[in-house]
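Next, two complexes with chain A in common: one pairs it with chain B, the other with chain C.
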Partner chain A sequence: MSMNGIEKYAYGNRWRRVHPAEKVAFALGTLVLVLHTGCPWMSLAVFCLMSGLLVGLGGVSWRFYLRLLLIPFAFLAAAVIALALAITWEESGTVLYGLRVGNLIIGITEYGVAEGAGLLLRALSGVSCLYFLALTTPIAEILQVFRRMGLPPLLAELMALVYRFTFVLWDTASSMYVSQASRLGYSSWCRSLSSLGQLVANLFLKSLQRSQMLNAALLARGFDGEFRVLEPAYRLSKGRIFLIVLWLVFLAALDWYGGGGGVGSYFGRL
Partner chain B sequence: MYRRLFQLAIPAMYVIVVSLSLPRPAYAMHIMEGFLPLEWAGLWFLMVIPFWVAGLLAVKAKVEGNPSLKLLLGLAGAFAFVLSALKLPSVTGSCSHPTGVGLGAILFGPAVMSLLGAIVLLFQALLLAHGGLTTLGANAFSMAVVGPLVSYGIYRFLRKGKAPLWLATFLAAALGNLSTYVTTAFQLALAFPAEQGGISASLVKFMAVFAVTQVPLAVIEGLLTVAVFNFLVAYNKEELKDLAVLS
Partner chain C sequence: MEAILAACDLEFTYPDGTLALRGLSLEIERGEKVAVLGPNGAGKSTLFLHFNGIFRPRRGKILWQGREVRYDRSFLAALRQKVGIVFQDPDSQLFAASVFQEVSFGPLNMGLPREEAKRRVERALAVTGIEDLKDKPTHFLSYGQKKRVCIAAVLAMDPEVLVLDEPTASLDPLLSEQITGLMEEINRVGKTVVISTHDVDLAYSWADRIFVMKGGQLLAGGRPEEVFLQPQVVRQAGLTLPWILEVYLELRRRGWSLGPRPPRRKEDLWACLPSASQAFGQLFRPANG
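Now for the complex of A and B:
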């Protein structure tokens, strides 16, 4: 069962055999550096690189990737509209298009459009880094990397448990939904609200019962409060680590060399 | 006079049409990856870490004497995740999701929610592509700290004042959702002050744009939470009592 296919790719892409720590370092390092620079050209370059690594080399279908990119579109569109709209009190030269309401002018300014466009690119590059991590590395392995990096063991265990039961409960909720819908549980708005309420209440009860059953099963096997599991063996590759370090140093140098403005100050702002 | 009204109505209509026709107003209040400048993303991480530590200490103290609570917490987190992935019956025909903030805070308490909420947000970013990793701090602050605290506070206050259960749960869930939205708008306004008018003008703009989807959603989430609680109280009173160990 996968929620929307991200899991499917995380377990079956061409970067699957690469050590998870390398992928985490690459994706998070690029993410932080590109956000720090904030340069539109570099954002565009990172976006193209990540998309190429995923779609070109990783074997992710481009339709699926495009659909993923559309997910944060709702937030992005609303926020960029809010940024581009400006409310001013006096006529100024920067308003590209405006409406006069009494003394106020509601309109779009050059500043707003430039900021909105820069933001759009930066957000896209950030999202592509996130998708690289999500589509190439299963969550269980990302959690192992976090644990090695010093995440409190209790938190790591809780995360692993939440992750495991998410799928169990999601299956339960889906079958409840199907059986309700086949009995006309979602035939009208009021009915849907009541049905969904019933579903959530039952799901809650099921979760409690399942945790009790699980506890009994674990106790019967000598549970002392800790889960010990085998981790799949991965080999670190010196060549890849060298490339990743080189790439991150290159990004950091561009950022530093551009005086915090990154390469943008050399190639001009969008 | 009419001309002016007309002029105002056009951008208002535009904003409404755009927001209603968006593919998924879905998790519209998760700040997406890459949206916040790095300094602000870092600041919100610093702000939320004390709450995570408090949550972790609270959970640790409870789990120490009773390892089975760990499983209960794991299932509670999964429950919160699935809750946030359910589709709400929507007025606009597009699909949208509950935040689960109110229900979670009432059932599990705000300390536990600060931790579970952060885990849920991390998985939403990695499994559903909603929210992000650098914006996790900001999202956790609005959804796992402010929202649950407001919900829990309202619920406790109203129940002490002998308000009926439906009113307390409705207000707790609806206002918890609303406070999440106001916090997010505030976070965005701080990071992107308007050229003229600064932070306050920016705050008004962000609130106005997101209010179109968030205010009806808050009411629907309130109604749903009342429905859930009616079923829970009618059939699962015992379980609710057992759960009192958590909060």
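Now for the complex of A and C:
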């Protein structure tokens, strides 16, 4: 479901005509720097910037974007709660709310809350960078950039094929599911288990058969072991490259002057 | 006319032991439109996969322009460029992420320089009318669009023979008509087009020559009207008569004189039908054909 949604946006958003290398540099550069810095303010700023570029300028619906953000949120929530909770001795006086068990206090400390919030922002900013890339650039073009950057061709081809056949597999599986369900294959718990088992087994066989057909079809067009396809031409924009470099240098400078603490070192920790 | 592609006494067995072709021989002439008919499992697809050396016959041989096909790398590469196959299921043919990349695969495998390959891709997309799908991922296309991409992907290699396995199966009438038109156009620029089909009307009206297969053997071959006028062939292969021929035969049985040769196209049938006044006159003539 959301896989198809991501795909639809990747092929039809307002950043579609921008050279993929620019988008990869912008998104991944920002990702690395914001994760390295770890400053909550900067994370917040990056998160807002990426979200703005996607929802405000890119034409991605905010409902869809929120739904996407909810996916990592479940994992994040667990981690943040674990971080915010702390077990401390009586004397450390920063406990905001606690439960006393003998000499120990299980509770939420000021430090834990700051840590948790920091982590949350950091993760969200990282996720927003990746979503920017995923929602503006089709996989084929991301792979093309990676290939230029020296990713082994075998790996790139494997990724491209896996990507393509995920959809074929999904279609095959869902049509098999529908056909089973329409013959009461999922009418009870027991039936469901047996139907699902058959589906998985047949899916494997069908995939095998399909891969043989594909091989024949590739051979028919002169396949010799290497996938060669033409990549669409994009124009690099000097203006945009300048802006991206400026932005990354700016982030790096903040990171460096902050001694790894980012702008947070000037304004104090959250 | 020389045969551009010929099968001589072809025999083929699948690894599971199924005998798919049993001594099949046929010849396809340059520039022809050929339709191969026959029930499911007759061996049509198996035969097609022999035409560009995907399958290697157990006995017999394939001739390309009178020369026996050799199964070495360079011969196969050359043959696969000359004979393009469009498979029945588009999903088993399409592998690339975008339409443009998919279509560029063949030309690049031929070792063409990028500029030339790009020109070929653009021309193939234009001929098949799918220029606007260029950047679309192949899994977002409709069945008919996928079919066109498959045809474009093979056309971009500029083959001399285009082999299509059931090109109009599961297409709606309009799309099926468009694909037929496309095949007609491809043929008009001098390419040999070979299709397999279950659509007797299409085969009858479109093809220059028809081969009927059954059980891995050739049942009959010849001009469409010759083949369909052999009742035992039609019955054995489980075919039905094309409606044009059926109308023609019925009218002739009722004593209409409609010219010596059965019409091939709808328009030809209309042309040999008399107007109302002429027909009225005919009614009073002694009906002896």
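Definition applied: the second predicted complex is superposed on the first by the 254 of 270 C-alpha atoms of A that agree within 3 Å, B and C clash if a C-alpha of one lies under 4 Å from a C-alpha of the other, contacts with A are read in each partner's own complex, and residues count from 1 in each chain.
The working rule: contacts are C-beta pairs under 8 Å (C-beta built on N, C-alpha and C of every residue); 3 or more make two chains touch, one makes a residue touch a chain.
Only a predicted model underlies this, so the values are computations on that prediction, with no experimental measurement involved.
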Which superposed partner A:A79 touches (first chain B, second chain C, both, neither): first
Which of chain B and chain C A:R183 touches, first, second, both or neither: neither
Chain B versus chain C as contact partner of A:D224, first or second or both or neither: both
Chain B versus chain C as contact partner of A:P232, first or second or both or neither: second
First, second, both or neither for A:I139, with chain B first and chain C second: both
Of chain C and chain B, partner touching more chain A residues: B
Partner chain(s) touched by A:R164 [first = chain B, second = chain C, both, neither]: both
Touched partner set for A:R210, first chain B, second chain C, both or neither: both
Which of chain B and chain C A:E7 touches, first, second, both or neither: both
Set of chain A residues, in rising order, touched by both chain B and chain C: 7, 139, 160-161, 163-164, 168, 210, 214, 218-219, 223-224
Of all residues in chain A, those that touch chain C in their complex: 7-8, 11, 138-140, 143, 160-161, 163-164, 167-168, 171, 210, 213-214, 216-224, 227-232
Chain A-touching residues of chain C, taken from the complex the two chains share: 49, 52, 54, 77, 80-81, 84-85, 87, 89, 91-98, 100-102, 104-106, 108-110, 114, 117-118, 121, 134-140, 153-154, 157
Residues of chain B that touch chain A when the two form their complex: 4, 7-8, 10-11, 15, 18-19, 22-35, 37-38, 41, 56, 59-60, 63, 67-68, 70-79, 81-83, 85-86, 88-89, 91, 103, 107, 115-116, 119-120, 122-123, 125-130, 132-134, 188, 192, 194-197, 201-202, 204-206, 208-210, 213, 220, 223-224, 226-232, 235-236, 239, 242-243
Interface residues, chain A side, partner chain B - complex: 3-4, 6-7, 28, 31-32, 34-36, 38, 68, 70-79, 81-83, 85-89, 99-102, 106, 109, 111-112, 115, 119, 122-127, 129-131, 133-134, 139, 142, 152, 154-155, 157-166, 168-170, 173, 186, 189, 192-194, 196-205, 207-208, 210-212, 214-215, 218-219, 223-225
